[in-house]
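Across the two complexes that follow, chain A remains constant while its partner is chain B and subsequently chain C.
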Partner chain A sequence: MKSWKIGAIGLVLVLLFGLFAMAEENVTITFWHAMSSGHQPNLQNLVDDFMAEYPYITVELSYQGGYGDLQQKINAAVVAGNVPTMAQAYENWVTPIVEVLYPIGPHMTGLEKADIIDGLVPSNTYNGILYTVPFNKSIMVFYYRKDLVPTPPATWEEYLQMAKDLTADTNDDGTIDQFGTGFRPSANPEQFLNFLEEAGGSILNEDWTEVTINNEAGLAAMEYAASLAPYSLITSAYMSDAFQANQVCMFIDTSAGYYYNNKAAETAGFEMGVARVPVGPVNQKSMIQGTNLGVFDMNQTQAQKDAAVLLARFLLLANKTVFWAEKGGYQPVTKSAYVTEEWKNWVATHEYQQAISAQMLDGFSQILHPNYGDMRDIIATSFEEAMMGEAAPKEALDAAAGELGALLE
Partner chain B sequence: MGKERLVEYLHRFSLPESWRKVSFWKETVAAYLYLLPAFVILGAFVFYPFFSAFRLSTFKWSVVRPPGTFVGWGNYHYIFHDKYFWRALWHTFYYVGVNVPVTLFLALLVANLLNKSLRFLTFTRTSYFLAYITPLVAVSMVWRWLYNWQYGLLNYFLGFFGVSLINWLGDKRFALPAVIILSIWRFVGYEAIILLAGLQGIDKMYYEAARIDGASGFQVWRKVTVPLLTPQIFFVFIISLIGSFKVFTEIYVLFGGTSGPLRSAETLVYYIMRQGFFGTNHLGRAAAASVVLFCIIFIFTLFQLQITQKRVHYQ
Partner chain C sequence: MNSRYLVDGNLLRQRTYRLVLYFLLFAGCAIMLLPFFWMVTTSFKVESEVLRMPPRWIPKNWQWINYIKAWNVAPFGRYFFNSFFMAISTTIGEVITTILAAYAFAKMRFFGKTTIFAVLLGTLMIPGQMLLIPNYVTITRLGWFDRYEALIVPWLASVFGIFLLRQFFRSIPDELREASRIDGCSRFRFLWQIVVPLSKPAIMTVALLKFLGSWNAFLWVLIMTNSDKMRTIPVGLTLFSSEVGTAYEQLMAASVLAIIPVLILFFFTQKQFIQGVARTGIK
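Here is the complex of A and B:
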């Protein structure tokens, strides 16, 4: 063998060795989250699995308090230029800081990206690039009292009729003390957004150039909501309070509240059922909510960013997202997770999960518009005004459309 | 030589005698050194944030490129044209206007009662103070149940007087009064304890003198007690006025993270929080509203200092 060949092979070997050595270089990443004590062991468990598989990566989980605290800390960290490697974040937290995020999508395979539930892709995509990936997700479902509602309503009409029938003055004191249903318009405008989607409506048109909330579909949604108002308890408190006090019989709310609503039912002494939301005039869809995972592109080494992307992808693996869902009361975020035996068994043995799980694959989520925070505020006000009889549905929607239009300028 | 020239120099400018002593300068430097830690802490946590709020109010905030784009008076223009700002301002004045005098009046009453029957003083004092030292969030959670329109204790008691169920937290007419009642309950004890301390500090001889002169009970109260209690009344008044302008937590908890039905209990601080932190990130607008709040409190405090100080009597 000629000496140059030996030299070249040697060089290649050295380079390869060097590459491996580089790849294996120890790296530490920090992961800010808002998962309170009940969820922390599960998250730690997942991260431990990850570190066992990638021994050169150390993940430091760091609990930052509630979601509000986490958002403020992320913002403060960005201002100070001292960010974690990755963090949990809601969609509307992401839009103001998207330019300091390291997009995860470009580092995922086509299969991985296609595996994410369709309804979750738009809320993680900014300018056509998948920046973040879904993490802990819950969905709007229909809760009801099994003793009073033998079969949950399948359609909007049935829901309205049942709400009417169940609304009663049970102690004959001249005031209604049992409402058929209940809404939290100021705190949970997603209840209206769910109706809007089921009526085939949307806040804005597809390319976000025009407000569509007050079109025919939007009006149908708001008029339907307002038709429920006389049979609804309108409150800002969590519905579990009123549920426990026998003040409401059924309501639409996030599956994240399952534990609290069920506890309320147990305390009050009745059985709670969970069903799909009643089908609307156009479709049967539910809104998915919850946080996503983002990686920061600010004062992080490439190795750190790579490690964080690796962790984000790891958490999307079917068995990981199933584990997270089972333990934490969330829903798996990838399609492949729903066909695993593990998840099928889980759903089969947990009755309430059937309705929740069935909705996820055709669920929808919020739009990733830079002004979504303001938009949500405007919609909440309009929803509340219509539900409290302060404004007619059309009037409330037109006012909202005016304000939303100003945000597009 | 040098020292003489310095003395001559100081003489020429007729500076105070004491300035010519080295010991004066030593003491001055020492004094400032002692003050330095306080200055540093106040500077970092009070003055700097205070001035940066002014600066921030002229910017359209950006997290990525702080403080963002300079907009001049833009944020002020926005809030002055926002109907919710004016509503919040009105709610704040309504809250302050009712809460401060009513609490003070009740506190005076309670303080007098406590001053008269001293047998269970420690017990009563503790129970009154308990409302104040219990964390506000916990208190508000309890009141949320007391206010429940169907099962709440408040409606239950009102029922004895033939009052039909009031939807305290769900009716826009009652939302702010509900917050005021909670605040009064919370602060009466605290204010009463301060006033009681003042009452007990009044020298008995004034009362004896008044009695010898044949003053009636009301006259004694009007001419002796109230004038000698003015320092405490003044203190309580200012503290509760400033505190009331900043009301936020009880609203946030009572209404489950909202500001009541149709924002009927949205005060200025709630407005500031909503603009700046509740998912909307308009820190510039929030800062502008804070500056307005600062000006209001500042004017009120100046006004109070001017007017009330003339009427405060120190023994």
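Here is the complex of A and C:
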């Protein structure tokens, strides 16, 4: 063998060995999350699987309280330059700090990117680049009492009529004790945002230069919500509490609440059904909620960023996102997950999942505007005022539009 | 006869007054204790009993296992140690610094005393949340992040404590200082041997308020620490709640465990605490 060949082989071997050695270099990454006790063991399981597959990577999970606490901590950490390697984050948290994130998309294959559910891609894309990837996702669905609602309402009109029919003073004491439906305007303005989307409305126009919430579509959504108000329990507590107390017969809520809602139904002694949200005048869309995963690029080594990207991609694998969904009550975030035998079997044996799964593929996400958190609060107030009868739908929407406009300025 | 009727009338009025008083006290006591009662009984309920309507006050089957489950959700042993360590360290530290500062503001003359005190009082007007991010940056730059220093050092002094003790120290007659000085007593000895013993109720109040504050501190601990080994009980309690629901029975079990040390402390210091509150006029 010629010496140059031997040299070349030697060089290749050295390079391979070097790459191997580099790949095997131990690396520790920190992952900030807001998963409480019910979800933590599942997340730990996934991370353990990951570490078993990549023994040179150590993932330190760090619980940071609720979502509000996590956001506050991320903001503080960005200012202090003390960020973790990766964290859970809502879309609007990412917008103001996108420049300190390490985009995950460019390190994914085209197939991997195409596999993410369409409704989740825009909400993870900033400046045309997929910076974050979806993680714990749930969607607004329709919960109902099977004993009182044999067939769930398919349209807004049916929903209103059923709410009317089911509202009753069951003990004849002169006050309503069974409401057709229920809303949590201050805690869950997504109930209104769902109506808004189905009426073809939006909070802002596409380039975020104009408030559109009080246009014709917005008004249709708020007027519809207000028409349900007389037949609705308006509360700030969990809907499961009202469900258990036999105070509401049906409601729109996140699929992540399935466990608690079903438990409430079991305790109250009735069977609960889950259906798609009733179709609106323009479409049948449902709001996807939950956070995404982002990798930071402030003081992390390249090895840490690579390891974090690897973990983010690992969590998108069909069997991993299915595991997370089955155990945690979330929804798979990739298309391939929905056609796996495991997920099909799960759906077949868990009737409620059929509606949720079907809904998921038609979902929409929150807008990426950096002030979305404040916007959500404004909308919640307006929604609450309209539902409590403190303001007429138009008046409530106009007030919200004024405040939203001030935010845009 | 008339005077006897008068005496009987007074007795009756006194008894009625007492009866009403005791009734009101009992009602107030019941209102105060009800949440505690609910917390304790809920900690023994099965999940389905917690929000049952009408409420079931006494559990049907007592679920002692809730305590085991709650304890195993997180390293609560470590959290308890950290809570104790933080609360005791900050309490001791704050008592020492506030005594010294309050004495200076109450009994010593120095340039700018009133202005400095006014500035210090002014800092009470700044909401803690506003300072959270600057404090986070400071703690990080000092290299104290996720360490006991972050949990303890910033809380070793308290403007409120200084204000409270200063008010109390001012009520101690200056003649005592004069007399002690004639007897050759140094200022430091006067402080520790005369002022401090006389101010025991106020100092106990400062200590108890600090202990409670540190024991219940949540946001600061959450923001300034990352690892389980540095976390405290209030952070652990959030693990039982999520956006969509709460494991009330486990949360209540953990809460019962969390308040036991505070109750014990209050049990031993309630006399001084009430005296301190009464004498310093805190409401």
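Just so it is clear, the second predicted complex is superposed on the first by the 394 of 409 C-alpha atoms of A that agree within 3 Å, B and C clash if a C-alpha of one lies under 4 Å from a C-alpha of the other, contacts with A are read in each partner's own complex, and residues count from 1 in each chain.
Please note the rule applied: contacts are C-beta pairs under 8 Å (C-beta built on N, C-alpha and C of every residue); 3 or more make two chains touch, one makes a residue touch a chain.
For clarity, every value in this text was computed on a predicted model and none was experimentally measured.
Chemist: Just checking: does A:54 make contact with chain B only, chain C only, both, or neither of them? Give me first, second, both or neither.
Modeler: After superposition on chain A, A:54 lies in contact with neither partner.
Chemist: Once the shared chain is lined up, is A:63 touching chain B (first), chain C (second), both, or neither of them?
Modeler: In the superposition, A:63 contacts chain C only.
Chemist: Could you say whether A:314 touches chain B, chain C, both of them, or neither, answering first, second, both or neither?
Modeler: Neither partner.
Chemist: Check the residue A:267 against both partner chains and state whether it touches chain B (first), chain C (second), both, or neither.
Modeler: second
Chemist: Would you check which partner chain A:235 touches, where first means chain B only, second means chain C only, and both and neither mean what they say?
Modeler: first
Chemist: Looking at the overlay, does A:346 come into contact with chain B only (first), chain C only (second), both, or neither?
Modeler: A:346: touches no partner chain.
Chemist: Go through the superposed model and pick first if A:245 touches only chain B, second if only chain C, both, or neither.
Modeler: The answer is both, since A:245 touches chain B and chain C.
Chemist: Tell me which partner A:75 touches in the superposition: chain B (first), chain C (second), both or neither.
Modeler: both
Chemist: First (chain B), second (chain C), both or neither: which does A:259 touch?
Modeler: Touch status of A:259: second partner only.
Chemist: Following superposition on chain A, which residues of chain A contact chain B and also contact chain C?
Modeler: Shared contact residues on chain A: 72, 75, 79, 238, 241, 245.
Chemist: Contact residues on chain C for chain A in the complex?
Modeler: It comes out as residues 47-48, 51-53, 73-74, 132-133, 136-137, 140-141, 145, 218-219, 222-223, 226-227, 235, 238-247, 250.
Chemist: Looking at the complex, which residues from chain B come into contact with chain A?
Modeler: Those residues of chain B that touch chain A are 62-64, 66, 144, 148, 150-151, 164-165, 169-170, 172, 255-263, 274, 277-281.
Chemist: Tell me, which parts of chain A touch chain C in their complex?
Modeler: 30, 32, 36-40, 60, 62-67, 69, 72-73, 75-77, 79-82, 84, 238, 240-241, 244-246, 254, 256-257, 259-260, 263-264, 266-267
Chemist: Can you list the residues on chain A that touch chain B in the complex?
Modeler: Going by the criterion above, the answer is residues 68, 71-72, 75, 78-79, 90, 92-93, 96-97, 99-100, 173-175, 177, 184, 186-187, 233-238, 241, 245, 247, 373-374, 376-377, 381, 384-385, 388, 390.
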